[in-house]
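Heads up, the next two complexes both have chain A, just with different partners, chain B and then chain C.
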Partner chain A sequence: MTRRFIFLLVAIVMILPMYFQFSIGKVHASPSTKGYYNAIEKIPEGSTVLVSFDFDPGSKPEIEPTARATIWHLLRRNVKIVCMSLWETAPVLAVEILGSVTKQFEKQTGKKIEYGKDWCYLGFRPGKYSVIVGLGESIYTQYRTDFYGKKTDELPIMKDIKSLKDFPLLIDFGAGNPGPETWIQMATDKFKIDFICATTAVVEPTYQQYISTGQLKGMVGAMRGAGEYEQLVGINDKGTAGVNAISLGQLLIVVLIILGNILKK
Partner chain B sequence: MVFLKRNLPLLICFVGGLFFALTFYSPTKFSSYSRDMGSNAFNIISAIGTFFGILYVIVYNVDRVRKGDKGFGFSLILIVALFVTFVSALFSHGEYLTLEGQLSGIGWIFMYMYVPLQATMFSLLGFFIASAAYRAFRIKNYLSLILFLTATIVILGRIPFVNDLYKLVAGQHAIPLSEYVSWILQNPSMIAQRAIQIGITLGMVVVSIKTILGIDKSWLGKE
Partner chain C sequence: MEFNMILGAWVSVFFTLAIFSLLYKDSFIFKLAENIYIGVSLGYVGSIALYQALKPLVWHKLFDSEGSKSIKGSEQIIIVLACIGGLLLFARFIPTLQWLSRWTMAFLIGYTAGIVIPSAIDSFLLAQVSKTIAPISFSQESISSGATFQQLLILVGVISVLLYFFFSSEQKGVLIGTSKIALVLIIIYLGGLYGATVMGRLSLLYGRISDLVTFSGSSYFYASFVLLVLFILFFFITSSKKQPEQHE
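After this line comes the complex of A and B, so read on.
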């Protein structure tokens, strides 16, 4: 079996489910995905949550579906969203996701979503650990203005927000460092804030330990988790299509290992 | 000269390292202010470092193009891309969005060139993993067999139709395949993850202490 043939097989197996959007069985949500969903369901309506976009274009395909579904879920629950980034590569991605989801939500539900009142994006701030520690003391020392240059303390959404302690829930779309682990070490344990995250397949096993200790209330792991979460939220988007493609891709890998051991003995 | 080249950097490292480490444990305004100042200083130093890095990349690649070295075309592409990105960023005032909320020049380059290129590079991994699975994963002894069986259970247990198939074969009251996956991830896998994590953290603490105290001087370069 040549390398080219394997590459062709992978391409077929990955593209077909994405293109034709067919299902290969009912997606069952894992306990960590259910934990993620339940943490959002538990927030009282009208609360304000902090969402940190900490990923880059390389991890976008894995994290973006969850990010979209989460923003949708929060808007549907009438929860206000304050967003920020610790990665310099995230702002354009964050603005695109937030802009398109809020527009789509307005179109489908007819509900008016206002910038500054229902959501805001503070942008990227360099400093990693020190930014998180600083946010624990005061948001306004770290973000004097938002991404669009408006004064942060003049945004209606920030009226009752002084520091991290004022958020009942923190959500991190994190692909590495700084990311979920940094938030746990520097803030969520210290300020007793509920914390959930969406992450990539590479780092998902590393963060599993925080689920069992209760430091993470829930986690959506990569494209598979995104598909599970989309099913819980009740939407059918990139995550659901991705689960099928990834499932077939992984099945192909198992078959290839077995074939490799039989044919090349 | 020895003082400037070795003793002064060691002194700055000792005082700075100790001071900034302590600010994380001291909830005062002075600590907060110092940490912010330190963070800004770090950003400025990083920016200066990046500037010299880019300067070196330009000089090196211009030299390659001038000499017509093998593969000089790649150097040419790099120089042109660097120049176009720089000019776009300059005209966009470093902002990704215009005042009308549209993508600026640098925003367009990021969204429609950098994003697809990086996603492509990352997705290529899938092809190489599949190829490596066929060519390199040899079940030669019982340890590799255990690894293969564990990985297979984890992979298959997370595939929707395999779960449905397992239920049909094992019966509705059998323990779901996903429970086995959870057990593997929550027990043997996590034991290894925690051991690695604790090892890395202890290593980082030791290296940090050695650097701050001047025991490890490798970062200063050769004498």
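After this line comes the complex of A and C, so read on.
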């Protein structure tokens, strides 16, 4: 009975902020989130970045808000986006995110965003490490066609792109392996490409070491990080909304842990 | 709103509530949702492998007239050999031919080790060590920004934790002091990981609850409320039917 009561309490606490809009405090961006934001701000307008969608529906709530805000941020800065996936579960999520954000951006700004010219999605390729090694030699050996079957070398966005070395920045929305560590190991260190990532809360602490060494220029960790990043970009979406609910949920768990220890005595 | 969007919302709510129903008790509905989830996941991964891997990387390059012209004959031979290697993995299911799968496994292990080990040493070991042994800055700027403290903390942490796991000598004398520091640091790290995991799980819960709240609106014909009531009714009816049996 106690367990069920706790489940119900957590659910109520998480639902409340969705029906009654309130904030439990101002969100302050952490240095790693600022690093992520600054890395995108630093890219010259008109450049092309590579974005890898490496997550699954299980990690979608943690990574999707950052992915949406990042695509929005890149479009606002007139940066072209080449997307791909190392996870077979990612294509359906990537297509949904890219499609809805580009449409929303067109609607709000009135700017025409064209597939193949402003962004493209190359799809999934199996092979983890060997895919990245292949991309380092030539994009076209791995992706002769994009996700929709169009010839990659005929897409205007790919005109000046031959291999990974031609991207000034690499962004990974990664929930595990293959993910940020794989990119650091196989590509960004080797080709000296700036690298940033958005990841889940479970692996975020283990990736902090790459921030210290400079192998990662910035990182957005889970929904808390997404809320911070949305504030920096100046949008109010899922990340900002989620921070309040998650903060309340965590507060409840802290109270329950303390109560559990006191009551046991 | 389109019909398929509404149907998708109802299906999503049904399966979310069905999976959450385990928190109350195990039931036929939970098992149904669990099995459908496994089946759908396998089907999805299978179709992605077919259309995103086998079709563009094998079929297109070997059998499609346009695709096969774009690559050399030697490349096609490599693709055929790779396919044979892949098929050999299935030899594990035939006891007399099981040994054939070892050839492909040996190739995979050798190839992966060859690619991964040198780059892992470079990116994960040398990069970390070089940063750790970098001279500590005592400039006014570093001290005021906290960088000096961070560098000192990393130095103390690395040395003490390495000594803590140094099992070749007995933990006494100086080693006891460093071990205690290491133990505190490891506990802090594990606490941080636990906190991050809790936050991650709450994010996942928020994702589902957020969808349930969205689908509770009139545009989705109150899917969340209707199905929640039906679930409560289902559990009420099934538990009231079983009660007399329990008394017996």
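In the analysis below, the second predicted complex is superposed on the first by the 261 of 265 C-alpha atoms of A that agree within 3 Å, B and C clash if a C-alpha of one lies under 4 Å from a C-alpha of the other, contacts with A are read in each partner's own complex, and residues count from 1 in each chain.
Keep in mind that, in the parts below, a residue touches a chain if its C-beta (ideal position, glycine included) is under 8 Å from a C-beta of that chain, and two chains touch if they have at least 3 such contacts.
None of the values given here were measured: they were computed from a predicted structure.
Mind checking the superposed model to see whether chain B and chain C fit together on chain A or clash?
Aligned on chain A, chain C clashes with chain B.
By the touch definition at the top of the document, which applies to A:K238: first (chain B), second (chain C), both, or neither?
The second partner, chain C, only.
Pick one for A:E96: touches chain B only (first), chain C only (second), both, or neither.
first
For A:G35 in the superposed arrangement: first (chain B), second (chain C), both or neither?
neither
So, A:V131: does it touch chain B (first), chain C (second), both, or neither?
first
Give one of first, second, both or neither to describe whether A:R224 is in contact with chain B, with chain C, with both, or with none.
In the superposition, A:R224 contacts both chain B and chain C.
May I ask you to decide whether A:G176 touches chain B, chain C, both, or neither, giving the answer as first, second, both or neither?
Once the two structures are laid over each other on A, A:G176 reaches no partner at all.
Between chain B and chain C, whom does A:E88 touch in the aligned arrangement: first, second, both, or neither?
second
Once the structures are superposed on A, label A:L256 by its partner contacts, choosing first (chain B), second (chain C), both or neither.
The answer is first: A:L256 touches chain B but not chain C.
Can you list the residues of chain A that touch chain B in one structure and chain C in the other?
3, 7, 10-11, 14, 58-61, 91-92, 126, 129-130, 133, 205-206, 209, 212, 224, 249-250, 253
So in the complex, the part of chain A that touches chain C is made up of which residues?
Those in contact with chain C are residues 3-4, 7, 10-11, 14-15, 18-19, 58-62, 88-89, 91-92, 123-126, 129-130, 133, 144-145, 147, 181, 184-186, 189-190, 200-202, 204-206, 209, 212-215, 221-224, 238, 241-242, 245-246, 249-250, 253.
Please name which positions on chain A make contact with chain B in the complex.
1, 3, 6-7, 9-11, 14, 23-28, 30-31, 56-61, 91-93, 95-96, 99, 126-127, 129-131, 133-134, 137, 141, 148, 205-206, 208-209, 212, 224, 243-244, 247, 249-254, 256-257, 259-261, 264
Which of the residues in chain B come into contact with chain A in the complex?
The contact residues of chain B facing chain A are 24, 27, 32, 35-36, 38-39, 42-43, 96-97, 101, 103, 107, 110-111, 114-119, 121-123, 126-127, 129-131, 133-139, 148, 151-152, 155-156, 158-164, 178, 182, 185-186, 189-190, 193-194, 197.
Quick check: in the complex, which residue numbers of chain C touch chain A?
Those in contact with chain A are residues 23-24, 44-45, 48-49, 52-53, 56-57, 60, 67, 70, 111-112, 115-116, 119-120, 122-124, 127-128, 131, 150, 154, 189, 192-193, 196-200, 202-210, 213.
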